[in-house]
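Heads up, the next two complexes both have chain A, just with different partners, chain B and then chain C.
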Partner chain A sequence: MARLAADAPTKGGFSFDLCQRNEMLLKKGMHLPTFRKTGTTIVGLVFQDGVILGADTRATEGPIVADKNCEKIHYMAPNIYCCGAGTAADTEAVTDMVSSQLQLHRYATGRESRVVTALTLLKSHLFSYQGHVSAALVLGGVDITGPHLHTVYPHGSTDTLPFATMGSGSLAAMAVFESKFREGLTKEEGIKLVSEAICSGIFNDLGSGSNVDVCVITKGHTEYLRNHQLPNPRTYVSSRGYNFVKGHTEVLSTKITPLKSKVEVAEVDAMEE
Partner chain B sequence: MERLAIHHANGMEMVAVKDSAISENGTERTLYPYVTGTSVIGMKYKDGVILAADMGGSYGSTLRYKSVERIKHIGKHSLLGASGEISDFQEILRYLDELILYDNMWDDGNSLGPKEVHNYLTRVMYNRRNKFNPLWNSLVLGGVKNGQKYLGMVGMIGTHFEDNHVATGFGNHLARPILRAEWREDLSFEEAVKLLEKCLLVLLYRDRSAINKFQIAKITDEGVTISQPYALKTYWGFSAFQNPSKGAEGSW
Partner chain C sequence: MSIFEYNGSALVAMVGKNCFAIASDRRLGVNLQTVATDFQRIFKIHDKLYIGLSGLATDAQTMYQRLVFRHKLYQLREERDMKPQTFASLVSALLYEKRFGPYFCQPVIAGLGDDDVPFICTMDCLGAKELAKDFVVSGTASESLYGACESMYKPNMEPEELFETISQALLSSVDRDCLSGWGGHVLLVTPTEVQERTLKGRMD
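Right, the complex of A and B next:
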């Protein structure tokens, strides 16, 4: 039998107490609420001076686009940023949590945060939740030991790579990287390649779309290029747009009611503390 | 799947699982493919149509056959490439053999072009799917007749369409983005081969059932050429691959 929440000691990690009851409810036909996923294209690559991260900006809820211009590149530390794919709430929460932990660690140690610290915090959290926290991340940053790029999977495994893609558009973006990546790219070449990979995801994957976000991290300096490219602008049938000048619509009658007479304005003392 | 219980002499029950679904009136249908070929990519270029495929036949997760020719020429004007079940591809080749034979027997100076063969294949695939017994293939049909280039695709459920560049299987996800970005109407043969090899290399890196042994086939008004098998050069020399977890112990 499952223990009451008040009795169970807080051990951390996933609590399997309610799993039996959930399964029984599913069998009876209860539907779980759908998650807002970020069916996504996120990429990262290492260039000669540091790391460049890129992401699209579409958040989907099943077949519907929930947010046309969301931010998928999350702040971890001044020198570390993290792109997130998977369930939007999970990526937000887990990156926020590790970001706070890194800040506290910076106060305790008095040093700049290292990418491996963020990596270890993320992977141990995700592993203890056995893949139920659906966050697939591309973590990149530059610290005292150099530039680093890692991918983190929902079950807690990590890879260290020179270039990486995650999300539903990862194959389209990886096709671009595999054919065009080389070591020692300059900053302009790197940004161009990252934008190309994200555009490949945007135009060839249905779960990705809208705009391209880029983040360039080098030693001592980070540039967050929000909406670096807008390849899907809102277009109108007429190139001049619409302009309705007074006089286009025939006015039948006019009645003006001043509202001041309906509303009473009185001087009252401010609320006391 | 039905299970037959076979009783042994010593009373032990051995259960045999049947791989086909035999219902009361005795019909059978394909449930899953066994020996499969991976992607085929094709595109039109200036002088005709060019197709490429690797030569692997996988038996589940084993690489069983390494010299499977998955691109064949059909009649004078067409090339057929197939991914999916190899035995079904061989059956399709037999159907097409018969079709071309009857066409030749007419001896009327006319010959079946790629459009006609594509239509025939669509009808065959769709009819089989309607009987719940599909030919488990994705077919790429390319050809040139009287200077007109044609490139089309038929799937195992009968979906068919025509396009300037096509890909089956994994090629849809990995090769299509590259082709959409870089294909042009007036590619020369060398440029077309380079573009195809770019796609084949990405597939080799990222598709687990691809092998490094390819055939490229081209068809023009002059005729069909299917190349000898050859391998692509892969690059593994990234410095990051030398000691990947140097900065992060415990990851790989």
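Right, the complex of A and C next:
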């Protein structure tokens, strides 16, 4: 019964019960599987009214593209967004967790979340796992103290920068930023520069690809431009397509079960006169 | 040899017009020897929600038992079935909990949500969700499945055409993979009925 109780909703955090078995399998010569990574180009820059974040949309599993249009710009708070690179499960889990913690903090304080709050929550979580939670993040937002842009590394170190790039395509994107960035860009110039940097990553880095996502955060207003640019459309579609006639596939047995529609039982007050 | 190649598997799910189809192969192997040719990889959670689990067979069965347990508790508390999106979050959380000692299985979840809108998603063994609007694949035959589905898939297919397409995609892909095959098992779910079919394939 104690075992069953352990299966009920836990208090949260990681559970290590399969580690011994996995170690044994490794010793027997079984290689660990590759996790889905977001090869990635993620960027951020500070412009005159706030912060602009950008990301590509390719998710890879080894050398194969697992998702051609995934979302790498994660919601943290209405005024704070975070781009994630590294192991996809880690970036999703860590940003979801900190987003929930920020929401609870907003309820407790009654104030808009600050970017440094998100930053501290992220860095302390990542540092406590000593880099094993492989999430490299570009965190940006606008709060009462102004626009902020930070990078967070898997071991828990952070940098505060006017423009930043992370991921396997970071060098390609940084080359664009270093040549074209200046202080006090307008919104249109900022979006154009961010798109150019992401495109540089998409075309020159093999781990990044597909489309460009952009997120513009200003005081009191956030614009999430999903698939702002689609520089890689699929042009080789066959107009006829495959047409398999009914009965083409050889079937050994068929079983058809009709689905009963669920009957709604109306709630009746027990003490109705 | 990778842990995923110990048992061998192939799973695919596709979205059609107000319906979805989920298909798997039927082989259970131990390295290169075949041990069973009627292995079940697709499990029912409720009438309109199915989960397929590829990878290490023992972890797939354990995951299924844990998920059914959690869903039954949910049904008792909420007095209704779980929505597919909620279920996907549950699976993701259960997998991520074991981040540093993971279950070696990759789920494929397919269900009909509110207003019978089809929902499919897949995850890696750590729970990183991938929500797709067209098809999702998993297993040792996944590389061939990606190729076959990319070319054969068309949006808004009727149930009959969807069944033919997913069957052809599955059979042609497992023929290029030594570790999966020995027939196929396809479940096609529409708002009014569930069609379960066994396919005839190459037995090698």
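Observations, loosely collected:
Convention: the second predicted complex is superposed on the first by the 208 of 273 C-alpha atoms of A that agree within 3 Å, B and C clash if a C-alpha of one lies under 4 Å from a C-alpha of the other, contacts with A are read in each partner's own complex, and residues count from 1 in each chain.
The working rule: contacts are C-beta pairs under 8 Å (C-beta built on N, C-alpha and C of every residue); 3 or more make two chains touch, one makes a residue touch a chain.
Please read all numbers here as calculations on a predicted model, not as lab measurements.
Applying the stated contact rule after C-alpha superposition, one finds that A:Pro258 touches chain C and leaves chain B untouched. Applying the stated contact rule after C-alpha superposition, one finds that A:Val46 touches chain B and leaves chain C untouched. By the touch criterion stated above, A:Ser239 is placed in contact with neither chain B nor chain C. Once the two complexes are overlaid on the shared chain, A:Phe16 sits against chain C while remaining clear of chain B. Of the two partner chains, chain C is the only one touched by A:Met30; chain B is not. Of the two partners chain B and chain C, it is C that touches the larger number of chain A residues.
Within the complex, the chain B residues that touch chain A are 173-178, 180-181, 198-199, 201-202, 205-206, 238-241, 244-245, 247-252. Contact residues on chain A toward chain C in their complex (touch as defined above): 7-10, 13-22, 25, 29-33, 35-36, 59, 61, 64, 66-67, 70, 87-90, 92-93, 132-133, 238, 241-242, 244-246, 248-259.
For chain A in complex with chain B, the residues that touch the partner chain are 46, 115-116, 119-120, 123, 145-146, 148, 150, 157-162, 171-172, 174-176, 178-179, 183, 196, 200, 203-204. Residues 1-4, 6, 47-48, 55, 66, 69-70, 73, 92, 95-104, 123-130, 132, 142-143, 146, 151-152, 154, 160-161, 163-165, 167-168, 171, 183, 191-200 of chain C touch chain A in their complex.
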